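Next come two complexes built around chain A: one with chain B, the other with chain C.
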Partner chain A sequence: MMDVIEAKGLSKVYKNGVKALKGVSFSIRSGRIFALLGPNGAGKTTTLKCLLGTLKPTSGEILTLGKQPFPDGVKDASFVPEEKSLYDWIKVPKMVKIFGSFAPNFSFERFEKLAKRLGLTMDRKIGELSQGNRTKLYVSLAFAQDVKLYVLDEPTWGLDPLIRKEVLNLVNENVVGGKTVLYSSHILSEVEEVCDDLIILKEGNIMYNGTLDNLKEKNGTNLSETFLDMFRGEKR
Partner chain B sequence: MHISLDYHSDVPVYKQIVRTIEDAILSSELKKDDGLPSVRKLAFDIKANPNTIAKAYFVLQSKGYVYSKPGIGYRVASPSKRSFEERLEELDKTLERIVIKMSRFSLSKEEIKKRTSEIVEKVFDDGCN
Partner chain C sequence: MKMYKEIKTIQSRLIVMMIIMVGAAIAVVMLKNFAVGLLNSPMMKEYLKNSPYKNALSLMSKLSNDFSYYTYSQWFGKNYIQLSALVAIVFSFPVFSKEREKRTVYLLIGRMNRWEIYSSKILTGYLSVISVMFAGSFGYLLTAYIMKYSLPFSMMFYWTVMATIGTLLLYQIGTYASLIFKDQIKPFLLDIAIYIGIYVSGLFKQTRFLNLFGYMGKSDVLKGAGIAIFPTVVILSMCTAIFIGEYLQFKYMDL
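And now, the complex of A and B:
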């Protein structure tokens, strides 16, 4: 299986001196659901930004879909960002039109189906949308693109349990065609339902890198227990 | 065959699927040459990750429970006598754990025997075997 992402010795030190990543290495195979886990401040979003080329790593190498992502970005990927803020004064249909005009392989038909399935409120300005509806909008926009890699940062933020399950179903359905999903979340029970492989980050270092099955077989515990053991007694 | 999954169990999901299908085959709920749903279909039906289903089918195939033919898909093989014995041994162990638990409640050997045979009678009388 081809690697969709290869990261070697990835480090990021921000201007304020914060060391967000301290030399992490991992690879993501094509056709897999890969989860990026860790408590707040572990380096999840920094990792995603480096992989997508929106942030320049301080050192280390990354290949995303065979190319260095910085500074040009990754064309054959779509992204649900953690910070779900679009142009607040624009109405949803207008936003979809604008997004669809520049996003690669975007299908309006697909968007409409997704928006209906997730129950997205269309007739509003983006600034008037609830947190849940913003997430629905971003997830619909991302999956309306026919791309090789879907990068989802907290893609169930603010959603009720039924819609949350629908998003997980969407993730599962999308790997059938050999697509790859990179999923970052702090909701372990959710990740446990979908992921094949995972890394757990702690303060910019990798604590676990492997399959979910191996983690369970080796530790004899579920994901939450392993995670809590790893971070027990420390501030989260 | 009903496959129920516990995603938050310490038993990997692929193993839960393998166990359900193995048991359906050993108990003749699934018979030799019966077709199994495709990876895609089963993934969709039980809302699971298709990679997990593919792994479960791979394990079932390597254990000799199913075979696959190009263009036809996965079908039930006739499991060896050994697989049947192995599964029974596992169930024996489960029963053993329960008996050990009972013995810790200061029940006599005779009392435990009486209770377990009552359960056997009840199960067969109710026809839920």
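And now, the complex of A and C:
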């Protein structure tokens, strides 16, 4: 299996002096679900943005699908950001048409199937949608792109348990189809349900990098307990 | 070029600005007789007789009898220029700042490369500015012809071209302001400050060359002059320089 993402000594210092990442190195193999975990301010979103080319690393190297992502990004990746911001004054069908006009490998047919599956409310302006429906829309748009890498930051934010399960199924199905998923979430139970490999970040450093099975075996408990212990400092 | 998204985003502003510009142009032509009637009233004549401005009466007479002069003094040298500043500000201030403030930029980045994002935004704005400016001119000309006023096409064309080129520079400066701020208020305020600066520069002899509005509504055209070549080249060069510099800044900035 080839590496889809390779980061070596990745650091990011913001203009205000905040050191968000302090030389992290990791790789993500294709056809896997890779989770990125950590408390608030650990550097998860910074890592995702560096991998997608929206932020320029201060030092270190990154290759996403074999190319340096900064500044032009990676067209063979689809991103669901933490803030599910879309154009509020536009109705959902128009938003889909607009998205389809610039998103690579976008399929309207695939979008319709996904929207139906997730129960998306279509006939409304985006500004009138609930948080859950915004998430459904963003996830449907992202997965309607046929790309090699899906980067999902809190992809189940605001969803009820049934739809959350559907999104996790969607993630699993895509990986079975040969895609790679990079997944970041605060809901550890769902991460545990889907992920193969993970890194855990704290204050810009990697606390753990390996498979979920190894982590659980090493600690003899589930991911949530392991994570809490790690940050309480009771176990290492 | 992936301009569909930008056209849809700018569409309502374009329609509103088009209506304002064409509506104002039609109103200025249609109100000519009314304005001239007011100026020719005995009360106004009496007032102008005592005016400290020696040639006030002759100007009034010119305004009444010479439609080209009326056109310049009421439209191409005045309202058209003022509206063009509004056009530039309306199209430019949200270009980048809105996407960053609302965080919708993450929808675009990666799916389009930075050149595609930048060029589609700026060029859609250019096309919108040109459309509104030409709509204002042709709206004026068409109404004038319908009302049986005589206005040389070349005169209107020269004013339109110079005003449009000046507006493109204002637009380009506005988009740069939109790029450097993360919210929409600051670029809006900076644009207004720049316009005031340009206007004030025209009041002093030493800084008069900076008065872009003077170029946009050049009175020499009334005397048979054409497009002022040197300032046109300078302004287009400035537009190009800002376009390139702004792109390089956008290309290498954190989003």
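We adopt the following convention: the second predicted complex is superposed on the first by the 232 of 236 C-alpha atoms of A that agree within 3 Å, B and C clash if a C-alpha of one lies under 4 Å from a C-alpha of the other, contacts with A are read in each partner's own complex, and residues count from 1 in each chain.
FYI, a contact is a pair of C-beta atoms (placed from the backbone, for glycine too) under 8 Å apart; a residue touches a chain by one contact, two chains touch by 3 or more.
Note that the coordinates shown come from a computational prediction; the quantities given were computed from them, not determined experimentally.
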Chain A superposed: clash or fit between chain B and chain C?
-> fit
Counting only touches as set out at the top, which of chain B and chain C does A:83 meet: first, second, both, neither?
-> second
Examine A:31 and indicate which partner it touches, taking first as chain B and second as chain C; both and neither are also allowed.
-> first
Touch check for A:74: first (chain B), second (chain C), both, or neither?
-> second
Between chain B (first) and chain C (second), which, if any, makes contact with A:98: first, second, both or neither?
-> second
After lining up the shared chain so the two structures overlap, which partner does A:187 touch, if you call chain B first and chain C second: first, second, both or neither?
-> neither
Looking at the overlay, what does A:169 touch: chain B (first), chain C (second), both, or neither?
-> first
Using the superposition on chain A described above, determine whether A:56 touches chain B (first), chain C (second), both, or neither.
-> second
For A:224, decide between first (touching chain B), second (touching chain C), both and neither.
-> first
Rounded to the nearest angstrom, what is the minimum C-alpha distance from chain B to chain C in the superposition?
-> 27
Kindly list the residues of chain A that each of chain B and chain C touches, one partner per complex.
-> none
Which bits of chain A are touching chain B when the two form their complex?
-> 31-33, 165, 168-169, 172-173, 175-176, 189, 192-196, 212-213, 216-217, 219-225
Residues of chain C that touch chain A when the two form their complex = 2, 4-5, 8-9, 102-116, 251-252, 254-255
In the complex, chain B touches chain A at residues 7-15, 40, 43-44, 47-52, 55
List of chain A residues in touch with chain C within their complex = 49, 52-56, 69, 71-75, 77-79, 81, 83, 85-88, 90, 94, 98-99, 101-104, 145
